[in-house]
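The structure appears below as C-alpha cells.
Letters A, B, C and D mark the chains in the order given here, with residues in each chain numbered from 1 onward.
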Amino acid sequence: MQPDKGQTRKSIKQRLALKSRLAKETLAEFLGTFIMIVLGCGCVAQAVLSRGHFGGIVTINVGFAMSVVMAIYVTGGVSGGHINPAVSFAMCLFGRMKWFKLPFYVGAQFLGAFVGAATLFGVYYDGFMSFAGGKLLIVGENATAFIFATYPAPYLSLVNAFADQVVSTTFLLLIVFAIFDSRNLGVPKGLEPVVIGLLIIVISSSLGLNSGCAMNPARDLSPRLFTALAGWGFEVFTAGNNFWWIPVVGPLVGAVIGGLIYVLLIEIHHPDPHIDFETPSENKPEKYEISVMM
Amino acid sequence: MQPDKGQTRKSIKQRLALKSRLAKETLAEFLGTFIMIVLGCGCVAQAVLSRGHFGGIVTINVGFAMSVVMAIYVTGGVSGGHINPAVSFAMCLFGRMKWFKLPFYVGAQFLGAFVGAATLFGVYYDGFMSFAGGKLLIVGENATAFIFATYPAPYLSLVNAFADQVVSTTFLLLIVFAIFDSRNLGVPKGLEPVVIGLLIIVISSSLGLNSGCAMNPARDLSPRLFTALAGWGFEVFTAGNNFWWIPVVGPLVGAVIGGLIYVLLIEIHHPDPHIDFETPSENKPEKYEISVMM
Amino acid sequence: MQPDKGQTRKSIKQRLALKSRLAKETLAEFLGTFIMIVLGCGCVAQAVLSRGHFGGIVTINVGFAMSVVMAIYVTGGVSGGHINPAVSFAMCLFGRMKWFKLPFYVGAQFLGAFVGAATLFGVYYDGFMSFAGGKLLIVGENATAFIFATYPAPYLSLVNAFADQVVSTTFLLLIVFAIFDSRNLGVPKGLEPVVIGLLIIVISSSLGLNSGCAMNPARDLSPRLFTALAGWGFEVFTAGNNFWWIPVVGPLVGAVIGGLIYVLLIEIHHPDPHIDFETPSENKPEKYEISVMM
Amino acid sequence: MQPDKGQTRKSIKQRLALKSRLAKETLAEFLGTFIMIVLGCGCVAQAVLSRGHFGGIVTINVGFAMSVVMAIYVTGGVSGGHINPAVSFAMCLFGRMKWFKLPFYVGAQFLGAFVGAATLFGVYYDGFMSFAGGKLLIVGENATAFIFATYPAPYLSLVNAFADQVVSTTFLLLIVFAIFDSRNLGVPKGLEPVVIGLLIIVISSSLGLNSGCAMNPARDLSPRLFTALAGWGFEVFTAGNNFWWIPVVGPLVGAVIGGLIYVLLIEIHHPDPHIDFETPSENKPEKYEISVMM
C-alpha cells in the first residue's frame, strides 16, 4: 500500500464521488429498497419453499421487519431511509421533503424493488424450479406468487381490502411520526430503525391477515410486475378481483391520514413555540427527514 | 409552498393547539389506548381468525407487548403513557399524579379502548363474517369474543382468578416502578418503553394461562362492552361465572401492592435524601410521571 | 394530601429506611431471586399446564431470560443483581465482593427462590389441581415437577451431567464478565441486563437439552425443596440418579472457570495499567459489581 | 486478602500479560470463534438431538445470531471481533487491517472453530451416543453432521450453491459496513453487536434455505474437519457433490463484493472530505476496525 497507490485511488474516489445530493439520495433509496425486498421477501420464500420446515409466521414477521431495519441503517444517513413511496409522499405533503425530489425517490424505490425481486428469484432459482415441478403458480397449495407480492384472503371484499391498507398504513405513519418526534418521549438517536422494526413486527402480526400488510406501493407493485414477466403470467394483476391497485393506492391514503392524526392529536399541541412543524424542510435538522418504511 | 400559505397554516395551528395541559394529556391517553387495543387485540384476532396459521402464542405475546411499546412512544412525552386505569390510580396514590386528573385519564382510556375495539372489528369485518358462518360466539371452538376481552380457563375458581389478576398486576407495577427509578440500575432514557415491552412479554408468557393477563380495566372492560353491543350479546358479562369484574378490580389492587412492594423494599432505602418519593408530583421531573401500561 | 400528612409519612420513611447497606442488598437479592422464579418458572408452568397450547420452547427461553432481565433491573442498582449463588461466589473469589457478604447474599437468594416457587404454585393452584387429576407427578407425561427444578434427559450420565452444568455456567460467567468489562467493547450503561437476557436466550437454546440449563444453585435447589414439601415428595431428590446436587455444585465450578478464562485470555492483557483487577473491591466503581444471573 | 498477596498476584499478572497487541488479538479471535461455534452450533444440536421438541428454526436463527453477538462482546474491544476469515480478508482489502495480521487472525479463527466443535461434541456426547444408536450419520433422518457444518438442499446445483454463498455474504458485509459507518445513520456505540445479531437473524431467515447460510469459512470448514475425524468419516467432504469448498470460497468473494457495493454506492459519496476511507488503518480510530461476523 504505497502512498502513490493511495494517491491514485483518492483521485478515483474524487472522480466517482457524486456531487449532487439528490443523486446520492436516489442511489440510497434504490439500494435500501433492494435490500428490503431481497431479505424481506426472502423470508417468505424460505418459509414457502421449505413448506414451513425452515420458516413460518414468526421468521417472516420478524425477518421482514429486520430487513427494513437493515435497509434504514444502510440509507438513513443519506436519504432518510424512506424506501416507501407512501412515506416519501407523506414527507412532501407535511413539508418535510421538497416535492421535486419525489419522482426521483419513488422511481428509485420501484426500480430497487424490481431488481430485488429478480435477485431473490435468482438466489432461489433451483428452489423454484423444484418446488412445483418447475411451474410458477399463483393459486393453490403450490402457489409461490405471494412470495413476491401480496394477495387478499379469500373472504376479503374490495371495500374491506381498501380499508385494510388504509388503516394499516395509518398506524405505520402515525407511529413513525412519533418515533421521530424529539419533543415526545424520544427514541435514542441511532436506534430509531430498531424501534421501527418492532413496529413492523406488531403491525404484521395484528393487521396482516386480510392481505399481508404491504403498506408500500413499491414493495408490492414492482415484485408483482417481476412475477408477471418471469413466468407467473399477468394473472398476478387480475387475481383477487384485480387486487393489485389496492396496496398501491391504499397506502398513499393511509400515510396522509396517519400523519394527520399524529400532527393534529399530538404534535400541534407541543408547548415549544420555536420548533414549528410548518417550517419548510430545508431549515429542518437532517435527522428529522428520516421517516422510513416497509 | 408560498410563505403566505405557511402563514395561514400557522394561524390554523394556533387556533387548533390546545392550551390546557390536561386536555392534551386526555387526548394522548385516548390515542394511546386506542393504538394498544387495535394492534394488541389485533394480534389475537389474526391468530384466531386464521385458526393458528398466521399467528400463535409467540406473535400474540410479542405483538401485544409491542403494541404497548408503540402506544407509549406516541403518548409518553405528553401524558406519561399510562394507557391503564390501574397505573393512573397507582400514580395518584403514590403522589405522582394529582387526583383531579384521574377521571380524565381513566375516561380517555376507557373511550380509547372502546373505539379501538370497534376499529379492529371494522378492519376484520369480512373475516368475522366468514369465520363461523357469520355467528359471533363466546364459547366453543369457533369462539371469537376472547379476541377482545379475557375469559378464565375452565379450571379457574373465582378466588384463584382474583388472585391471578392481583399477582400479575403486582409484578407489572413493581417492575415498572424499577424501570423508571433513576436511582436504581437505570434504563437509558428513551428506551423505557422497549424494556416495558420485554416485561409484558415475560408476564404474558408466565402468568397468562389462568385468564389471559389483562392487568388493565380499560383494556378488558371496554372491548367486552363493545362485543356485548356488536352482536356477541350480554353473555360476555355473565360468562365464566360473571368473570368480567375481576380484570377490572384485581388490577387496581395489584397495582397498589406492586407499587408498595417496590417502594418499601427498594426505593425507600436509596441513600440520597434530597429526592424524596413523598414530594408532591408537581415538583417532580416530568420524566418520572411516565409509568405506563398494558 | 396535607403537608402534615407528608410530614408524618416522611418520618415513617425515616423509621423504615434501612441504614445498613448489607441489609438493603440482602433484601434486594431476596426480591430479585423471587421475581426470577415466579416469572421464569412461570413460563415453564404456562407451557406445561397448557400442554403446549400457550407456550413452548420459544416462550420459555425468551421468557425465562426476560425474567432475569427484570430481576436485574429491580435489584442491580442496589445489590448488583447477582440472584445466583454461583455469581456471588465468583464475585468474592475475583475480589469484586467481600467474603463476609456472601452468606447474606446466598441466604437471600435461596429464600427468595423458595418463596417464589410457593407463590407460583399458589397462582396456578387450580391449574395444578386439574392437570393430572390433582396428582403432583415427577415422571411421565403428566409430570409437573420439572416446572420448578431441572431434571436430566434420560440419556444423560452423571459425568456428562456434571460437565454440562460446568460448561454452561462457564459460558455464562465468561460472557457476563465481558458484558461488564468497560475496557472491552462495552455495553451501553443501563442496557447490560438486556444483553444478559440475550445471553441467556442463546445458552438455554444451545446448552439446555441435557438438563435444562439451571446454572444457578438457588434457582434449582430451593424450588426442588418446595416441590418435595408441597406434595411431589422427596423423590425429587433421588430422581435422575440423585441428580439434585449437580446443578448446585456444577455452577460453582463453572463460574470460577468462566471468570478465569475471561481474566486470563482477555482482561489481564488490557493495556491500561491504572485499573487493576486485583484492586480490592471497595475501591472499585459501584457499577463493576453488577455481575448478575439466572 | 493481604497486601502482600496482592503484590504477588500483581507480579503474576505482569508476567502473564501479553505485550504484543497481535498476540492479544490472536487470542481474542480464537476465543470469539470458539464461543460462536459452541453456542451457535449448539442451537442446531439442541433442535436436532431433541427431534424438534426443544428447538426449531426460531431458536436456531435467533440463538446462532446471539452467539455471534456474545462472541463480539467478548472480543470486539481487543481484536475487532471478526471471528470470520472472510471479514478479516475484506478488512485487509479495504485498508482497515494490515495484511501481515491476516494469517494470525485466520489461523486463530480456524483453530477456535475446531476446538469449539470438539467441545460441543463433548457436552452432548451422551446425546450423540443415544440419538441413532451411537451411529454418527451424514444423511438420512438420523443425520447429525449438519449440526456442525452446512450441507446443500437436495435441489441445489453447484452454480446456485456458489451464487448463494456469494450473495448472502455480500449482504452480510454490505450491511456490516453500514452498521460501523459513523457518517451514516449510526448505531449507538456499544450496540453494534446487537444490530449485527438482528442482521444475522434476517439473513438466516431469508437466505438460509439453500445451504444453511454459513457465510464464514472457519465456521464451516473447521467443524466439518472435526466431524471427519470424530467418526462421521471423510464423506463429510464429498457429500453434496463435494460441497465443502463452497462455504469456504464463496464468502471470500461475497465479502469483497459487499464491501465494494457499500463503498461505491454509499460511503464514497459522504460529504466530509477529512475522513477518507483510503487512509491506512493505523491512522483510523480503533473502533472502525470492529467489523465482525458469523
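The working rule: a residue touches a chain if its C-beta (ideal position, glycine included) is under 8 Å from a C-beta of that chain, and two chains touch if they have at least 3 such contacts.
The UniProt protein names, listed by chain, are A, B, C, D = Aquaporin-9.
Bear in mind the structure is a predicted one, so any value in this text is a computation, not a measurement.
Between chain B and chain C, the superposing rotation on Cα atoms measures out at 90°, rounded to the nearest 5. Chain centres were defined as the mean of their Cα atoms; on that basis the chain farthest from chain D turns out to be B.
Because chain C and chain D carry the same sequence, their contact can be compared by residue number, and under half of the numbers here are used by both. Between the CA-based centres of chain A and chain D the separation comes to 29 Å, rounded to the whole angstrom.
The multi-chain contact residues of chain A, meaning those touching 2 or more other chains, are 58, 188, 191.
Pairs of chains that satisfy the touch definition comprise A-B, A-D, B-C, C-D. If you check the complex, the residues on chain B that touch chain C are 57-58, 61, 95, 153-157, 160, 163-164, 167, 171, 174-175, 178-179, 181, 183-188, 191, 195, 198-199, 201-203, 205-210, 261-262, 264-266, 268-269, 276-278, 280.
The touching residues of chain A, when paired with chain D in their complex, are 1, 6, 9-10, 13, 16-18, 24, 27-28, 31, 35, 38-43, 45-46, 49-50, 53-56, 58-60, 62-63, 66-67, 69-70, 72-78, 81, 119, 122-127, 129-130, 188-194, 197, 290.
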